[in-house]
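Structures follow.
One chain, subunit A, links the two complexes that follow: it is found with subunit B in the first and with subunit C in the second.
Showing the complex of A and B:
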């Protein structure tokens, strides 16, 4: 049987009906014409455990969630209100047909609740609900402004964080209180009025200056002022938002600033050199990983006593081939593993790496699209489930090897197989018989997608 | 030699749950069932002995529970072993660990088992009594919370390790027959192969009632139990503080709490 046809899809549907398996029925649900869904829903609703399970599962298809909202079981409706996959329309239905405060709260916190729905929840007088509405990034500016008059301290801070807040609202919030934590949130907001940002930058409170340093709207002059701040946490925050060019901070006394600095790509050679011999190994490991670090410095760092620094060199995107070969023989397997996952490995380096039996190295090679088939075959038979899964996650693994892994004892590995491009309908049909529900669910999803793709 | 391994399908609480109308347990609607984690380890330990010594060791999983308990037995049999035993009837409803232990002890006698490997406790009720009570019923030696096991079939003693307070390790020699309750981490339980799972469906599971074991109605269920659940409830929330506010406020409060605990002014 092939599923890449209308006939194949019908056979799949018949097979799932005959199996009576709720997981397979749920996976096929969105692919079925409306007229055929009822019979599959009978399987899904055959035991009350399943509707509850699918109501809370983020993997549940939207079509099934739309069906579940018609149920009267309060537990199902509560779970739907919390499910991240629940779409806006279903949340609206839940809100319209409910008097349940905790369900309203779940909806107010939901990422799919839109501004209209959130505005409708506002009528319910509950502090927790109002705070959730103020926190929800979908809440409209008009609603936030309406809530301002009666807002608690927590709600005001949530408003100040809300991306929908504009400069007018932020100004009103600032003027409503002397609370430094509220002002700090306002100072960090991209819509913060310039006059408030200027106040924050020159404020005595470190918190205000630090949060202001994180504001993307800072001018070059303001940024320069904050980079010269006496507090390391302020300089770090400013540095984090500094562009890549013209970074000149030498003899920085604070470790946390130097660590941030070592990640920047706009460093000049002198600065990189000084950071590369920093006493703090976190600074050196970021220099090692920085793509602008010159080869001569990388060569020195490749012999660093700290494993993580050498690992940083191994993970450097622009690592020269000769250094790559050298680190492939590093005594520490974590460094070699960093090499094993590189997308630019030569045949000799792969061979060198394959001589070692470290799980990290073999997992890296297993996942690497450059690894030869013969070696992949060996790795696919490894006793460690994570190493075997690496082969499944490799997009270049041929079907001949994946076929061996259809019998993998670890269920997650078999579920991952369903998503591999080389796995076809023959293998997926075999996985329909799998004892693990998640494998059967994934297999049906993949088969249904195949049936919609051109032959 | 024969090792009997009692296993249990334990209830796993849903995120939200309700107590039954009689107030003595969680409403079944809010429970999923799975093999007790400790029993996964005790079965693995039995499997390892069988693999090491072949036909000299027979391992038998035993479940005391209704039909749903068979799922746990099949899960064990998918990894090894040739047969299982399930004991249940309506009169056994409400059995506490003492009453369950009475049943297990009778099966151990009937099977002429040489050892019983039980999980140190069950994750749902956590009595940690069943294994201990089986040893008492049988009059066998018993070691609780075993973290390492060294045994040769035919030996009249078994060497076991136990983890004690302060990282201490105790090594004991105990006479057989014995009941050992197994601690998590003694081994790394395997996953069943697909072939094993298929084969397990065909392996025989003997179904017995308490009468088949020579036990009376007074030996099992609530009548045969030494304890009775009077009430189950969620206590009121304690002294925990929910740290609220912006991330900066939360961090400051956390520092305050740490300093209070450290006695820093």
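Showing the complex of A and C:
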């Protein structure tokens, strides 16, 4: 049976009907013409636990969710309102045909609830609902403004965090209370009015200055003021949000600030040098990872006594090839594992790494598209399921190796296998018989996708 | 009631902590049923473990001198079969360990004993023994009874019973090892990978990160946070699959169970069934996730719907 044809798809559908398997029927549901769905839905609704299960599952196809919303079972509808895969239109249907407060609350929290839907929920007077609406980033500015008059302290803070809040609303919030936590949220907001930002950065409260330091609207002068703040946490926050250039903070006493500094890409050579010999190993770790760190410094850090510093060098995006080879023989397997997942490995380095038996190194090689087939074959037979899964996650693993893994004892590995591009309809059809529902579901999804692709 | 026999384990001269936990389980049963508790140690120099096994509640310690320094499944199976036949205990407890996996099921089949593995609850319902273990990947707890079995052998999950700290004064007896034909030889001892000195199964406080951290560099930020909080860093499967943290830090079905953990801070972990299998028993789970309906919240004592980076920043400032 070839699935990549109309005939093959029909055979797949017939096979699923004959199996009576609800998971396979659910996976095929979105691919079926409307006229044929009913017979598959009879399988899905053959037992009440299946519709409840699919109403809750985030992997459920939208077509099935659209069908499930027509049910009268309150439990199904409650689960749909909480399901992250439920689309806006279904949420709207749920809201229109319900008087259930907890369901309204789920909808108000839902990421797919749009501003119109959220506005319609406002009529239901409930403190929890209002707080959820204030927290939802899709709530429109008009609705937030309407809620302001009766908002509780928690709702005000939620409004101040909401990305839809504008400078007018933030100003009104600031004026409504002297709660420093509320003011801190306002100070961090990208729409914070300049006059409030100026007040925040000069405030006695460290919290306010720290939150203001995260504001992208700070002027250069304000940023410089915060970089010179007496509190390390304010300087750290300012540094975290500073652009890449013109960083000149030598002799910084606080290790937290130096750690933050060591991550920046706008450092000059002198500053990197001083940070690379910092007594705090976290500073050296960040320098080791920093792509602007010169090769000479990386060479020194590659011999650092701290494993995690050497690991940092191994993960440096611009690591020179000779250092890469050197670290492939590091005595610590975690450093070698950092090399094993690099996208720029040479054949010799791969050979060196394959001599070791650490599962982290082997898993890294198993997932690396540069690993030769012969080695992948060995790794695919490893006793550790995570190591074998690495080979399945490798996009370059050929079918000959994936074939071995069709009978992997770990169900998750077989489910992952269904998503590999090299796996064809023959293998997927074999997986339709799998004892694990998630494997059968994934196999049908992959087969259905294959049926839509050109032969 | 017939006595409770506990089989202690040692490796390379060190008594396994699980042995003392099995004794604690036996002593707890003794308090309700009144059975005597007998501990047995098989080793080349079993006398050296007697003092450690002599804790309050143990009535007798049996020493068996082995011809082998290292564990051999044939030696354990045949010796214990002979010992059980002689003593006729009602219940035999052994640690749920790699050693026990090598002999306990075979021993139970040979002697036609009742058997359950990885047990974390044991009680008597009248005269009937009831053991509790997990099934379906820890999704359900199952109570097992053993109708018609005079002797029941259970392998006991580690870190479930608190060791008895008070010392006791048990009787010490010897049992002669029967003549055994070994089917295998000990060649060498390979030290397992060290895990960088970290054993997350023993960690009391865990900070675990999941898919929500987005990028490899962010792992470093959370590792730094875990260090400043004095929490042990763990992760869910996708993080280890990406090679961003070593496998020994992975919590869950294909990772490890954080059996000693009392506070588990789950950051950006949605809560797959596989992950929750390794941590859902923790009494204080604090979950932070942007999705208010993330599965992790169903088992969390405290849930925070928020951006993990915002929470991390506040924690950094608090613990610095």
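Going forward, the second predicted complex is superposed on the first by the 455 of 455 C-alpha atoms of A that agree within 3 Å, B and C clash if a C-alpha of one lies under 4 Å from a C-alpha of the other, contacts with A are read in each partner's own complex, and residues count from 1 in each chain.
FYI, a contact is a pair of C-beta atoms (placed from the backbone, for glycine too) under 8 Å apart; a residue touches a chain by one contact, two chains touch by 3 or more.
What you see is a predicted model, and the numbers here were worked out from it, not measured in a lab.
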item	value
Fit or clash - subunit C, subunit B, common subunit A	clash
Which of subunit B and subunit C A:286 touches, first, second, both or neither	second
Touched partner set for A:185, first subunit B, second subunit C, both or neither	first
Dominant toucher of subunit A (residue count), subunit B or subunit C	C
Contacts of A:407 with subunit B and subunit C, given as first, second, both or neither	first
Contacts of A:385 with subunit B and subunit C, given as first, second, both or neither	both
Touching partner for A:264 - first (subunit B), second (subunit C), both, neither	neither
Partner chain(s) touched by A:92 [first = subunit B, second = subunit C, both, neither]	neither
Partner chain(s) touched by A:359 [first = subunit B, second = subunit C, both, neither]	second
Where subunit B runs into subunit C (options 167-175, 239-247 or 257-265)	167-175
Doubly contacted subunit A residues - partners subunit C and subunit B	385, 410
Contact footprint of subunit A on subunit C as seen in their complex	193, 196, 216-217, 220, 224, 227, 237, 240-243, 246-247, 250, 254, 274, 291-293, 305, 313, 316-317, 320
Subunit C-facing residues of subunit A, complex	82-84, 106, 109, 111, 135, 210, 232-233, 237, 256, 259, 263, 282, 285-286, 289, 307, 312, 315, 333-334, 337-338, 340-341, 358-360, 363-364, 367, 384-386, 389-390, 393, 410, 412
Partner subunit A, residues of subunit B touching it in the complex	14-16, 29, 32, 190-195, 197, 244-246, 248-249
Footprint of subunit B on subunit A - complex, ascending	48-49, 52, 56, 75, 78-79, 154, 157, 161, 181-182, 184-185, 207, 211, 385, 407, 409-411, 434-435
